[in-house]
Amino acid sequence: MTDLPTSPFPALLVGLPILVATLSLFFRPRGKAVVGLMGCLLTGGLGLIALVEVMQQGTVIHILGGWDPPLGILLRMDSLAAVFIGMTAVVGVFISLYAWWFFRAREATNGGFPLFWPLWLFLWAGLNGLFLSNDLFNLFVTIEVIGMSAVALAVLSGKTAAQIAGLRYLLAAITGSMAYLFGVALIYGSTGTLDLGLLRQVLEPGATTTFALLVITLGLMIKMAGFPFHFWLPPAHSSALAPVSALLSALVVKGAFYILLRLWMEVFGVSITFSAGQLIGLAGAIAVIWGSWQAFMQTSLKLIVAHSSVAQLGYLLMIFPLLILAPGVAAGSADWLSPAWTAGVYQVMAHAFAKASFFLSAGIIIMALGHDHKGSLRDLASRMPMTVMAIGIAGVSLIGLPPSGGFFAKWMLLKGIFLSGQWWWAPVVLAGSFLTAGYVFMLLRLAFATAREKEPFRPVPKGLEVCALLLALGSFLIVLPAEYLIQFLESSEAFGSGIQSIMEGGTYGND
Amino acid sequence: MSVLIDLLLAILTVYLALQCLLAQRLSQSVFLFFAFGLALALAWVRLGAVDVAITEAAIAAGFMGVLFLDALRDFSPAVSENQEDLKAVQNPPSKNATKSLLLPRLALGLGLGLFLLIALEAVWKTPDGGGLTAAAVALLPESGVEHPVTAVLLNFRAYDTWLEIGVILLGLLAIYAAGGINLYRKPGVAAKDPLLRQVILFSTPVLFLFGAFLLYFGKTGPGGAFQAAVLWGAIGIMLHLGGWPVFAVLPRWLGQLILTLGLGFFLVLGFLFMARGDALFEYPPAYAGILILIVETLAAISIAAALTTIYANINQMQEEPKQNESTT
Amino acid sequence: METTSLLPLLILGSSLIPGVLILLLREDQSALRSFLNLFGAVAKVSLIAWVFAGYLRGEEYTFIFRLAPQLTFALQVDQLGLFFATLSSVLWLVTTLYAIGYLEGGQHRRRFFAFFSLCITASTGIALSGNVVTFFIFYEFLTLATYPLVVHLGTDKAVNAGRTYLWYTIGGGTVLFLGVVGLYVLAGPVYFGQTEIIASLISENAPQLTILFFVFLAGLGVKAAIFPLHSWLPISMVAPAPVSALLHAVAVVKAGAFGIIRLVYDVYGIGVAEQMNLLTPLAVLAAFTILYGSIRALFQDDFKKRLAYSTVSQVSYIALGVAIPGVLASAGAIVHLVHQGIMKITMFFAAGSVAETYGHYKISELNGIGRRMPLTMGAFTTAVFGMIGLPPIAGFVSKWYLGLGAVEAGSYWVVLVLLGSSALNAAYFLPIVYRAWFCEPDHERVSRIRSGRLETRALLLIPVVVTGLFSLAAGVFAALAGSPLSIAREIAEKFYLL
Amino acid sequence: METYQIYILTSAVLFVIGMGGVFMARHFIKKIIATIIMGGGVFLCFVSFAQRDALTFADPVPHALVITGIVVAVASAAFALALARRIYQLTGEESFTNDK
Amino acid sequence: MIWFLTIVLPLLAAILNAFLPTGRRGSGLIFVIATLPALWLGLAEVSGVTAQWFLLEGHFSLDTPRRILLLLTGILWAAAGLFSGSYLKDDARRGEFSFYFGATMAGNFGLLISAEVASFYTFFALMTFASYGLVIYSRTPSARRAARIYLVMAIFGELFLITALYLAVQSAGSMLLADIPPALAQAPNGPFIFLLGLIGFGVKVGAVPLYFWLPLAHPAAPAPASAVLSGAMIKAGLVGWMHLAPVGLVEWPSLSLLMVSLGFTATLGAAIIGMVQVDPKTNLAYSSISQMGVMTVLLGIGLYGGIPAVMLLPAIALYAFNHGTAKALLFLGTALPAKVGGSWRLLMWAGLGIGVLAIAGAPLTGGLWTKYLVKTFLGETTLPGGQTFLLLLTLSAVTTTLLLSRFLHLLHRIKAPSKNVAPPFFLPWILLLLAGGWWTMSPALLPPELMNYITKGKGIMAFFWNRLTNWDALWPITLGVVLMVLSLRFATFNWWPTKKPLLPPGDLLHIILRAGDPVAKLLRKGISLLDSAMKSLLSPEKIFYRLSDDKRTSKISASAETLLRRWEFVGIGFFIFFLTLFILLR
């Protein structure tokens, strides 16, 4: 563990945003925005530099306080974390730029929401911390930072609906965290360590481990709005301010997924069964169908987009069954692991870009029209072609049409599905695409329709539209470096690994 | 004998928790919550976790309790009945509605029961992992403090603690956000009961000293930044209650400085040493003790300020006129 | 495979770049827009001609970009692809002219022309794709690029048509996606022409291959408008005439048909397909579609709708030809790709011109239109006879090869289908011709929307005459070296030599 | 039966009670209290292990974790309370009414 | 070059004349010029050419029978073209007429000079569809009806035709028409292919039972068009048959008998039906059917073997030649009685008489010649029933005479102009009379060996002055004329209809329509039912739209989502998920 190169970046990635956030509190609203934006650009730049650093040096670590685990905390930045951080950086920078124009445009009426900036920086720090963390308890703290700042951002608009949704979100988040923490407590009790690397070596299968796995999984499922627990997501995401919605759906939910994936892959391998993976996959599959269908049935733009997040997160869960090898399958022969991992990573990235763009576009529309009932989208294509373009491109990525990132992810997912022989997931992937196409094109259809009556239309800063469009394009551009990226990711320990399923009933309760 | 006490305490805790949630009146709930917190604090003491006990009593039971109490003034002013009961009286639910509620509740109960059984089995069968006591003991001398909990908090796992201070500040920001208010609105003035003011005036220095003691003592024994901070925070709250809105008097920049000092200094210090080539939050063993003390003190001040401000802000919400819906 | 050339990319760029640039122009910069459009179109035609010449000299043009292991974006040039690309680019040039004339003074022209260019980019991309996944990429790209064109008018009808259009095409795309992934999983990256890969799998994975074939077919069948996946086509008739023309003649339906050709000949290989008995169902479906489309066409009064159902019917000729083993039928299928294109585009141009000049949209309004627009309707009539399969027009040639191929293969029922279709073609097309030339105009209804010296705007007239002449020439000079037929024959012969 | 065992069982019970409260309680405040009870259960679990693993003194790490945890939980709860009060002020609602 | 000019010139003429304004002279001349290459080819032996660029490789060449027919066709088109030039000079739609006329001409020439399937079919189709414009030319309701039936039948024929060609080409392995008869003789499905061709071309020929469009369509066209329709174009079908028939190579008794019997049925039946018509052109149309029947018989006996193709086919062509010129003369003549007055009428009647006699086969006309050919071959054939055929042939001479006398009688009823005038188109008519007469007399058209075969080497003059032949030819005609005169003289026998034909023209058509009407209705209903069923049922998107646009659907899904958003249900979900996962992890 300690033989890996040390780098200051992990510490900076968490420290700097919070420092800037703290600093920004001293400024007046306008200054807060300036400092916040600067901080965002700085953090984004830092994230990208860190990504490059990892590309050059391989996995880097930062031993906080100089205390080795298990007593101390280790920040570890492997290629997987680096990619997530890099993604957060890019998406974050664009959303920040958008937010800058967005809030400036409404400064006069709403005061410009200066709190956005420190909260967003806190959120960013939390995300970076989460991706870097190698410690179960520290993960808890980071998800709490993320959770609180996310809810705070979600209620920032001050609207009643947002606040009710925010409270629901917050309660769900707390419940999820507590469940997670319960699992952490049990793990600590049974192993005496919190460090993921050590845990992998010392964790023994047994009733406690299984239970800990259960509550941790469920807790994280709640936080990432996995299928039966998606209840908080659509209202919260849809009622927030546009840049916030973008942040929440593009980045925040991914955090919980990231932990869940890492814990399953790196820590709890000893007690995971093939069929458990199937259940997670099933939850994902239902989420895909249900979320897409619900999105299809919604009448307001942001609700559509929010429900769509539920579905898109479902795809993420669907890689779990592929990563667990049925009893008797040798890890060496499982050639579907790499595609499945690629699918997961790409789905995260593609969704981050596309959904961010989608929400930002929704924000533009709301700014222009004053509301986002889908009926009012009529004739938008001629009034705001760039925004419609952004929606179209982002939507295409969500659907998974080539050559978007979403396509790449679905390609890899399907490939994994076929290679592993778990063909029953394939129809779900397709049905999901199909339904997604349903709502995406419902929007476009309206955008191209001629307006029945001319609604008042406020002009929107061009910068907003450019940000949304660039993000949408980003969801396509991520495919270009795919080969290199996969190669890079393969240097991470987790990437491409699978869990050997324990034999049914073999090891449970034999203590 | 001690087992019996523990058993009784355990049963009491569970009972209080149950009652707290089952209580018909909200005020009952809140009081039971106080009691629950205290019972839990007792349990901490029984388990040898005095630091935790103090924190629990001060923050979880004390601070939260005060906030809940304060909230009581808000909710359902006339009758403290549960909302659903009130509504049930106002418009009697149809048979279907009750039925539709009953079944899910039964299912929930069943689920909870099974969950409990499984959870009990799991905790019961937890293998002995050994903990980190030995490691902590071994490294304690290098940490610069003598109290192991403080060592863990402010040195071994300083990162967590730093983040946690951040969470408190974040909580404050979040509450601002929840209020839909701007950061720069100063807390208003509360009631002015002369007797109360006297009591508050009297107790302020006492609390301050006790807090300082706890803070300093934290180096060697139970106590530390959080505990001190709660006491100092209590001062702020009481002053606020007494009509001396602390943060209203201070210049804005000062208030902000106080709020952010703990977090900021902690981090800047960490960065300074990092610039030297060390890791973040790595203190040279020689100066560790004093640095930790400074950090702790500043953290305590900031936390106290944050708690005060939180209280003040939450408290103030009710007085604020219904804000015009900001159209987004 | 080793040589990499940017020329294929340049061919794509010749329409992609104008498309993007047009999007950046202002709505009122119509001269510049037209210039860009035409420049791109001409550039594309010349580039393709250049590449074609190079190809005939034996040069290889391949562009490869690896996205991931086993996932390659590959453009390569082969005869079939060039054949299709030539068709696309030439008709694009013509249609661009037509569209400039058609949309003169219309709304949203920037958007229209931009997507128009993107659409042809996709079409050329399909033609030049070197492997299945690249094909799929452009196949879907095409769906998207055509959507704004279909809903261009923005009326409720148009928008609803767009909805149906998308449901079908996206559905087809999704299914195709499944097939593509399945193929990759089973056989690895399959480049077009590497039929030996599938052939080597046939002994072990026959059932999977069979299923995959039909999955592919279902995916491609949507665009090729094979029954029961054809409904989108008549509905998307609400689009402006140049779009319908391009959609029906070149871009969309042809993409499907072209895909089927690729699937059977270049992926599975005709030998394997025949050996596994995959072709009979395709033949039956195609045959049914041919008759079905014709019957439906009988009942349409909307001019373009009738043409659309006719397309449903006609495009299936290609599938039918593919499904009949034998050089002749294959050549017929491949050449029909072009012949149907030029004939149908002529018809749509004519329909569009009539609608644009006199406001007639229904067949019942067309009485005597031949007198007023003799050149337009003359071209239309030529195309009609071609469709029926009368010589010496292009349609005859393909039908002749198909019929002969069917006889050669012993599939006499196919001949019956062809005959039935011819009869039905006559039954629904000749009334139009009859009305146009032999009925007296209802005088009170005749009012010309735009007046001018010519029978209609020059830009509407020239394309229709040109394509009309094309369809005549493609038949009359069919035996000439370099004619569509001769190329198609060469392609088909290659398929059977492999 | 040792002390920690009693408390460890208690911790599970408290967690379950808290969870039940989160799901079943109607009033915002009760839900918030329920989350704190949940947290209490979890912290009790930690501290019980600390006591189990005690040498000369109890395991300090869980203590530190719990202190951190409590503060975090309280911060969240305070935030939740603020939100709840705000909602009540704006709408007069004391519980989720399940409309969107 | 000349081969292409044969086709291109008529097309050019068509376009040129289409732009010639009404009332301008010269269109007739243009048409005549357009026929010159064809006439040249008909007279001079020009070796064939190959046009590799044309269609599926075009080959153009002629053999004797087709040269004869080309000559006939050239003459007829020249005469009809010249005729039309003045006949329709002031017609408002002359341009249109000329266009179709020229196009038809091109088709007619083209199909005769084509030596391979594709171009043959091309020009056949061109002729068929272009002549639609001629049939519908007058735009009267009856013309429209006739045109419609013509078109339907034409397409019907084309379908059989193309099938026959597919099969024939496939079994021949070559597109050359010359390769087809041997291939059919070899192929096991040869008779079937020929039968298809028989039906396909039979439509054009007007063979029983496919003739019914003919009495409607031919009279509907203006006189010059009728002339070429009945004189030249009708022979295109015959050419088609000749291309397919493996004469002398096979012994197909049933097909042979079928053709012979159908031919005689046409010969006699059509004559009888034609007699009871009241329109002279209809009468002539039936006569055409009747005469084509004779040719059918001739070809039919060829299929029984024994008679070499080089003998039989020129003979048929010559028969066609005679009939074509005479029939064209008569058809053009129908336009005359109303316009020709005074002494010119004498000439007119003489010409018409010659035409009638030629068809009937009177001595000194080509009719005798050709009838003798028929008789010879009927006598030679080994087909059972040869004597009966001879009898029937003789009988047909009687009926033909009756039919054509009836034609003259019908013309006679037309009121003549009182002045002594001849219309400008009288001249072309006379020219045709001369040309037809002269070429009929000439033996040069026949190959010498056939000539020898017929005349038993005695030379042509011996044939013409054979008393027996003349007598054999003369008595049926005399009988017919006598019968006609008698029936007109004596009122008791005069049951000739005057206003309404006893049998409506296109006799069989009415039966078919009567019988077919309910079937057609049923069919249409069925198809439209099918159509609507397909419209509603087979569009999955419609079902989906109905589902997704339904208020209830959105309500249900919204309430389901609301349910999932309730904390209780979240809890239930939580525990279900928990327990399932728990069980799965054990």
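By letter and in written order, the chains are A, B, C, D and E; residue numbering begins at 1 in each of them.
Following the convention adopted for this analysis, contacts are C-beta pairs under 8 Å (C-beta built on N, C-alpha and C of every residue); 3 or more make two chains touch, one makes a residue touch a chain.
Fair warning: this is a prediction, and the values are worked out from it, not measured in the lab.
Undergrad: Compute the shortest path length in steps from chain C to chain D over the network of touching chains.
TA: 2
Undergrad: Of the chains shown, whose Cα mean is nearest the mean of all protein Cα atoms?
TA: If we average C-alpha coordinates per chain, C lands closest to the whole-structure average.
Undergrad: As a test of understanding: of all chains, whose mean C-alpha position lies farthest from that of chain C?
TA: B
Undergrad: Give the chain pair, either C-E or B-D, that is connected by more C-beta contacts.
TA: Answer to which pair has more contacts is B-D.
Undergrad: Would you kindly say which chain has the C-alpha centre located farthest from the C-alpha centre of chain A?
TA: When every chain centre is compared against chain A, the largest gap points to E.
Undergrad: Round to the nearest whole Å and give the separation of the Cα centres of chain B and chain C.
TA: Their C-alpha centroids are separated by 71 Å.
Undergrad: Nearest whole angstrom, what separates the Cα centre of chain A from the Cα centre of chain E?
TA: Taking the mean C-alpha position of each chain, the two centres sit 78 Å apart.
Undergrad: Averaging only over C-alpha atoms, locate the centres of chain B and chain E and give their separation in whole Å.
TA: 106
Undergrad: Taking the mean of the CA coordinates per chain, how far is chain A from chain B in Å?
TA: 29
Undergrad: Using the touch rule from the top of the page, what residues of chain E touch 2 or more other chains?
TA: Residues 565-566, 568, 570-571, 574, 576, 578, 582.
Undergrad: In chain A, which residues are in touch with two or more of the other chains?
TA: 71, 137, 141, 144, 148, 151-152, 155, 160, 163, 166, 186, 188-189, 192, 210, 214, 234-235, 438, 509
Undergrad: What are the residues of chain D that contact at least two other chains?
TA: Where chain D meets two or more other chains at a single residue, that happens at 8, 11, 15, 18-20, 22-24, 31, 39, 45, 48-49, 52-53, 61-62, 65, 68, 72-73, 75-77, 79, 83-84, 86, 90, 93, 96, 100.
Undergrad: Which chains touch, pair by pair?
TA: Contact pairs between chains: A-B, A-C, A-D, A-E, B-D, B-E, C-E, D-E.
Undergrad: With touch defined as at the start, can you tell me which chain D residues reach chain A in the complex?
TA: Spelled out, the residues of chain D in touch with chain A are 8, 11, 15, 18-19, 22, 28, 31-32, 35, 38-39, 41-42, 45-46, 48-49, 52-53, 61-62, 65, 68-69, 72-73, 75-77, 79-80, 83-84, 86-87, 90-91, 93, 96, 100.
Undergrad: Spell out the part of chain E that touches chain A in their complex, as residue ranges.
TA: Listed in rising order, the residues of chain E that touch chain A are 548, 553-554, 557-558, 561, 564-566, 570, 573-574, 576-578, 580-582, 584-586.
Undergrad: Touching chain D in the complex: which residues of chain A?
TA: 71, 137, 140-141, 144, 147-148, 151-152, 155, 160-161, 163-164, 166-168, 170-171, 173-175, 177-179, 181-182, 185-186, 188-189, 192, 194, 234-235, 303
Undergrad: Which part of chain A faces chain B closely enough to touch in the complex?
TA: Per the stated touch rule, the residues are 6, 8, 11, 14-15, 18-19, 22-23, 25-26, 28-29, 62-67, 70-73, 109-111, 114-115, 118-119, 122, 125, 129, 137-138, 141-142, 144-145, 148-149, 151-153, 155-160, 163, 166, 186, 188-193, 202, 204, 206-208, 210-212, 214, 241, 366, 370, 509, 511.
Undergrad: Okay, in this complex, where on chain B does chain D touch?
TA: Chain B residues touching chain D: 2-3, 6-7, 10, 13-14, 17-18, 20-21, 26, 29-30, 33, 36, 40, 43-44, 46-49, 51-52, 55-56, 59-60, 63-64, 67-68, 71, 74-76, 82-84, 105, 108-109, 112, 115-116, 119-120, 122-124, 126, 128-134, 136-137, 148-149, 151-153, 156-157, 160-161, 164, 167-168, 170-171, 174-175, 178-180, 224, 226, 310, 313-314, 317-318, 320, 322-323.
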